[in-house]
Amino acid sequence: MTLPTAPSRAWNAHGVTRLRREGAVAPVAAFLVFFIVYVIINPGLLTRFQLQSAANLVVPLALAALGQLIIVLVGGIDISIGAIMSLSNVVFALSMEHLPVPLAMLAGIGAGLACGLFNGFLVAYLRLPAIAVTLASAFIIGSITREIMDRPGGGITPAFYLATSGELLPYLPISIFWLAIVGVALWLVLQRSALGRHIYGVGSSADSVRAAGLNARGAQLAAFALSSVIVSFGAIMLAGSTITGDPRSGDSYLLSSIAAVALAGAAFTGGRGSILGTILAACTLGLVGSLLFFAGVNSYWQYVISALIVISVVGVPVIWRTTYLAIRRVRS
Amino acid sequence: PGAATAAAKTDKKFVIGFEQPLGGQAWRETGLAALQALAHSPAYKDKVTLKIVRTNDNDAAQQNAAMQNLIASGVDAILFDPASSSGANAAITQATAQKIPVIANGGPYDSKDVYVVSTDWGNAGTIGAKWLLANLGTNKKVAVLEGLAGVPLNDGTMPGVLKILKDGGAEIVAQGTNGWNEATAQQNMATILRSNPDVGGVYSFLTGGQGVPEAFKAAGLKFVPTVGGSGYNGEACELSNNAAAGLKGDMVFGQPAIYAKGLEQAVKLLEGKKIAKTQLFPPLEITAANAKTYCLPDQAANFQLGYDFPGLDIKVADVVTYYQGK
Amino acid sequence: MTVLTADGVATPVAAPPAPSNALLVVQNLTKHYGPVVAVQDVSFYCLPGEVHALIGENGAGKSTIAKMLAGAVVPTSGSVTAGGIALVSGRIKDARLAGVSCAFQELALVPDWTVAENLALPDGAALRGFSQRKSIHAATALLAGLELDHIDARALVSSLSLADRQFVEIARAITGAPKALILDEASSALGPPGVEWLFRRIRELTALGTSVIYVSHRLSELAVIADRGTVLRDGRVAGEFSRGNWSEDQLISMMAGREASKAFPSSPPLPVSSKPDVLRIENLVAEGLNGISILIKPGEILGVGGLQGHGQRELLRALFGATPASASKWMLGGRPVRRLTPVKAVRLGAGYVPEDRKVEGLALELGVGENLLAPWLKPFQRGGRPRLASEKTWISGVIASLSIRTRGPLENAGALSGGNQQKIVFGRWTDRSRTLILLHDPTRGIDVRAKQELYKAIIELSRQGVGVLWFSTEVEELVNICHRVVVLYEGKIADELEGDRLTAEAVVGAAVGVASPGVSQREIS
Amino acid sequence: MTTTTAIQTVDDTRTRVTNLARIVSRMPRSAWPLLVFVALFLIGGLIRPGLLSIDSLIGTATFAMILAIASFGQTAAVIQGGVDLSVPNTIAFSALTFLTLIGPLGPLGGLIGALLGGLAIGLMNGVIVAKLGLTPIVTTIAMNGLLFGVLLLTFKNSELTVIPHLLTQLTATKFSLFGVKIAAVLPLGLLLMIVLQLILSYTGWGRSLFLVGSAPEAAKLAGQPVDRIRIAGYALSSVIAAIAGIVLVGFYAQASATMGADYLLGSVAAVLVGGASIAGGRGSMVGTFGGALVLGQVATLVAVANLGSNIQQLIYGAIVLVVIALYSRRARD
């Protein structure tokens, strides 16, 4: 038996391969271009003040998109993600009136987790299609949320704002710090634990995972649970940055989280998608409106431009590949 | 830096930012048009430059970020139509720290740092409820359509409305929602009428002046006293056209031109005058008595009335021009 | 032990008492799917170090038994013990822990996992950490130990050829030195060298005392590897056999319940036709293909041989326009071709029976009739039931001539057995004035009777003057039925065999890159 | 069945059950939502006898038909294996195009312009999905956003156009049939439904939508022009959404940029409750109308019980969930 010689490449070569496999090269490149354009148009982004307000806007979206990503990884899609976010936001904000922060956070995350487990159970064990289940649960969770709290309010304190979205760290916006913590933790779970690989595998082929003797349903349920926890973090960050709980606060994250995951190059059939790509895609989409504001463009254009970014970043590589093949054919 | 620039700019134009959180919505767009019409009127055009930002989904986080962008771009004052009654606190704190005055314009906002220039929405709800009680006949069965659940304006007002109606002896037999959309109001009223054809009055919060009577017509039922209030031209015309058929109604609505009023107050403030911290203006009421004067037969049904504000003298033509996005 | 031939009546064969040293004991195993009786009262045992074959026609119940042993399916009744441990929980993990592992007929690898992940992940708790690097090291070592160095442990499984995937699937079943190993048609995608490799692995394992359950349709393999075997028919035991104690004809008649011959029909004489050549292509270049020239005359059956993954799939797809390709000269049905698409190919008279019938061949939710009509739907013509009514004669003709077992044109294609599904994919091109039919291993994994029916149909096509390009993994088919055979090696034609040179040895030799007399070394490389 | 064998007589109860099961399993899927609607309608009658009237039926059917018209396009999109989330803003786009064009071109010109606009949207969706390979859900969400921007940037004021009388007459006017007053939109929608259902069931193109939805690769290798079929499917979806936009303008006598918002999830819900498979290859126009009827009747029942709008959402979600669960159980059996 000879000793293995294969894994001799540098680890970062491996990382790039992985990014490419997970479809993240185009969105990373798109973010870099976007960022450079942004800084040219508005150098003030790099001031502490603007960086922080941009970060506070983008971090909840990034977390919602990460939650959506996990569902997409197992081959589903979560229509209820906005509703979960609202519920978790509201439960957290209400709990802050009576409970110390850690317990309130637990309450908020617990509420989100319950939704995730509900969806996950129906999808994994009753084998209902995720899009249909979450469509129904979006109605249900939204209704429960408004029963719990019918208008914005809650007991979020300025101290909590400081801890999640304020100027706690020198220069670096604290919200970016928390996002990085969650992102790294999620990366560890997805890439460095067997469960994470199972989640990727289930999206790629649930039958095969099952035939390998693994618990495919469990992995699916775990994905929904994990997703809802991440989304709940997003809801708490949102409560912190707006210093309020709001029963409609999550609504706008449904479409934008899906758009961000698409921009991140994830495969909606499951099994492929990158954390870094998703975070950067969320940053790009989240800041289009701000960029247009500083460029002095009518804010209506943001809808058009966001759509074009998604379509072109995902579509251009395809066009490029086809033309490349065509050119090669002509040459040969 | 804000304070310093503001001081240096006294001989220049005031830069005033406006944040509107629901791009494309008719009432708010009419408000922005009125605001622009005023800003370009002779009295103001040498004094102010506007920076208008629209965000979507009535989302507090986006509004908050957009207001921070306004601060960063060096405005002298910020007007905003609150997406929530407390969601912009972060931006307001920062604006206050830089001595940029902030005016909540169009809805209430809970903060001691914020001036409020708004319609008196709380009263808008109760005015209608009281009118309905006074106009109910012997049949005290009332159907209620609330606006949009979870929106502060709705959820802040509806409990009071329900209480007044109940205390006044009305029996609420059916509850629905109008989604602040006449089509939804019509559909949901029709649904209610199928199960409760015998209602004696309808309270529909801030919308429904067209949809509710249309639903009655479609069901072949006689009109009952109706409270609505989108302030659409169609509402006024519906009331005046059907007055003969016995339609009695009270359409209570706030003028979108309150945005222009906000601008007026902001300029006063920047010019160093004192303004009241909280200014709540009574809503308009269209009833059978004045419906004819409000109805513009050559305008479409969903032309938004209330484009002018007492004391500002804004012209329809100007508003329409700016509504078209000039 | 002698061959027990079951009588025609379906009475269960009395279970032979298992000797006390038997490793795997199956007793009165029964599986019902609703009204469908998949397996009924099956008993057999397997001694340590023994290879026990399970054979039977399609749908006889082999895979169902394999799945019950592997824990993928819960039996309706009956018992399975492995080394004294009862195994009926229906959990694959329990079976693996008890030392029973299985290479499934439907390949059970995760396409978006690397080879290393596929090999490493099944053996670990979900909540354990996972290191790519360590898994790649382990997998590379494992593959090297199994003589599979050509497979890159870092490659995604989806990028591997079918044969390589089957190798990985087998490798995964072998790891962890199972007490009992089930190989369900593990050789179906392997060429002769692959089968040789598999047999070496089996011998290594049996030498260590592992029991192997070997499922295959290739009776020739049994002579080499099987110590004993059980013949199944309609879910019941039809008989048993042991080494040296059987003939192919006996087994076939036991499986089929009648005298059936394994004889191949011979190819009809090439008709002398004035019609233009069916296909003339020179220097075809595409992904995985490297300058291929082919000529097919009307009525000619051209076999394509070679090992899986040497360009056969790509060749067939390119010729049907399903993957981009170009050629210096390309005539289809006498007409020049520039850029071919499947739509154009069908218009020019081509038909294609793809590799994977479930995904590439059929719409499983639609009826048998509509699946047959799939190529013939036109937007502005009738469809649905009116069309089925107007095409009734053709549809029932196809169903009858291929003896497709179905309840009628409205039955969902998904409810049919694999062999019958295959016949639908084939049948849609018959009697439709085709000039060229491309066949991708249409007899893979289907039973003897279905094979005979397909052979007949292919020869009938040839008689009608249709050109046939037939890729098969079974060398016997190529040698016996085709007029001519080209063997692909690394995307090129390694050899072209005809007449006396067309022998099984020559095909196999060319497939592994060994020159046979008459071909110079230059042409091969 | 007239003859019974010995085995069947022995196992009589079981046979009866299987017979029933067979009848049930042979029933076309589109009949299910209609049955559920009838059940809900009767329940409504039990709670409040006044609800058990033709007028009430027509009333529910009218609003259900409006939702159904907006969902017919979605049905086509779902059958061919996709989903069309650009329905809301296609509705608004067509309504506003129509209102913009009736000034210069007259009602017919406006209608043609709006339908052409819908066609263009559908073709773009289809080309992006089929040729660029973007997921339908993403493509159509992006298209929906893009359209919103275009709406706000282009159609200044057109929602303030006075709606032509002819259109109102074609949709909202009531006529009397055997003493029952029926809004014109109901027969109009039924006609549309029948035409579309005939196209789906009995034309080659309609069947090819099912073929592509159920097995795209197989369709491709059978020589079907899969991309073109897909594109045509999306085009149909958007054209019908455009029709829905014009119907909405006529029926409610108003238009705005956000007028389609309710149909984003509403159309998907109607299609799903109507028995379509979200994975493609299954669905029908009749079923979608049935789905819309069920949703409409649920709203009526909630109104009867006076549970308030918030609880209505809850029940709505629960019903959708239950219906989906029942369907998929049946599909698996």
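A, B, C and D are the chain letters, set down in written order, and residue numbers restart from 1 in every chain.
Everything that follows uses one rule, which is that a residue touches a chain if its C-beta (ideal position, glycine included) is under 8 Å from a C-beta of that chain, and two chains touch if they have at least 3 such contacts.
In this text the structure is predicted, and so the values were computed from the model without any measurement.
Visitor: Using the touch definition from the top, list the chains contacting both chain C and chain D.
Guide: Shared contacts of chain C and chain D: A.
Visitor: Measuring centre to centre with C-alpha atoms, which chain is farthest from chain C?
Guide: B
Visitor: Starting from the mean Cα coordinates of chain A and chain B, work out the distance between those two points in Å.
Guide: Taking the average C-alpha coordinate of chain A and of chain B, the gap between them is 35 Å.
Visitor: Need the CA-centroid distance for the pair chain A / chain D, whole Å please.
Guide: So the centroids are 31 Å from each other.
Visitor: Take the average of all CA coordinates in chain A, do the same for chain C, and state the distance between these two points in whole angstrom.
Guide: Each chain reduced to its C-alpha mean, chain A and chain C end up 43 Å apart.
Visitor: Among all residues of chain B, which ones touch two or more of the remaining chains?
Guide: 23-24, 149, 325
Visitor: Quick one: which residues in chain C touch 2 or more of the other chains?
Guide: none
Visitor: Mark out which residues of chain A touch at least two other chains, giving numbers and ranges.
Guide: In chain A, residues 146, 298, 300, 303 touch at least two other chains, as defined above.
Visitor: Would you please name all pairs of chains that touch?
Guide: The complete list of chain pairs in contact reads A-B, A-C, A-D, B-D, C-D.
Visitor: Of all residues in chain D, which touch chain B in the complex?
Guide: 44, 48, 50-51, 55-56, 59-60, 62-63, 66, 148, 151-153, 156-157, 159-163, 174, 181, 183, 248, 251-259, 262, 296, 299-300, 303-304, 306-310, 312
Visitor: Show which residues of chain B lie in contact with chain A when the two form their complex.
Guide: Going through chain B, the ones touching chain A are 23-24, 52-62, 64-66, 68-69, 71-73, 84-91, 93-94, 149-152, 154-156, 325.
Visitor: For the complex, give me every residue of chain C touching chain D.
Guide: 320, 322, 342-343, 345-347, 352, 354, 359-366, 370, 374-375, 377-387, 428
Visitor: Within their complex, state which residues of chain A touch chain C.
Guide: Residues of chain A touching chain C: 1-7, 11, 14, 21, 191-198, 200-201, 203-205, 207-215, 218-219, 222, 271-272, 325, 329, 332.
Visitor: Spell out the part of chain D that touches chain C in their complex, as residue ranges.
Guide: Those in contact with chain C are residues 201-208, 210-211, 214-215, 217-225, 232, 277, 281-282.
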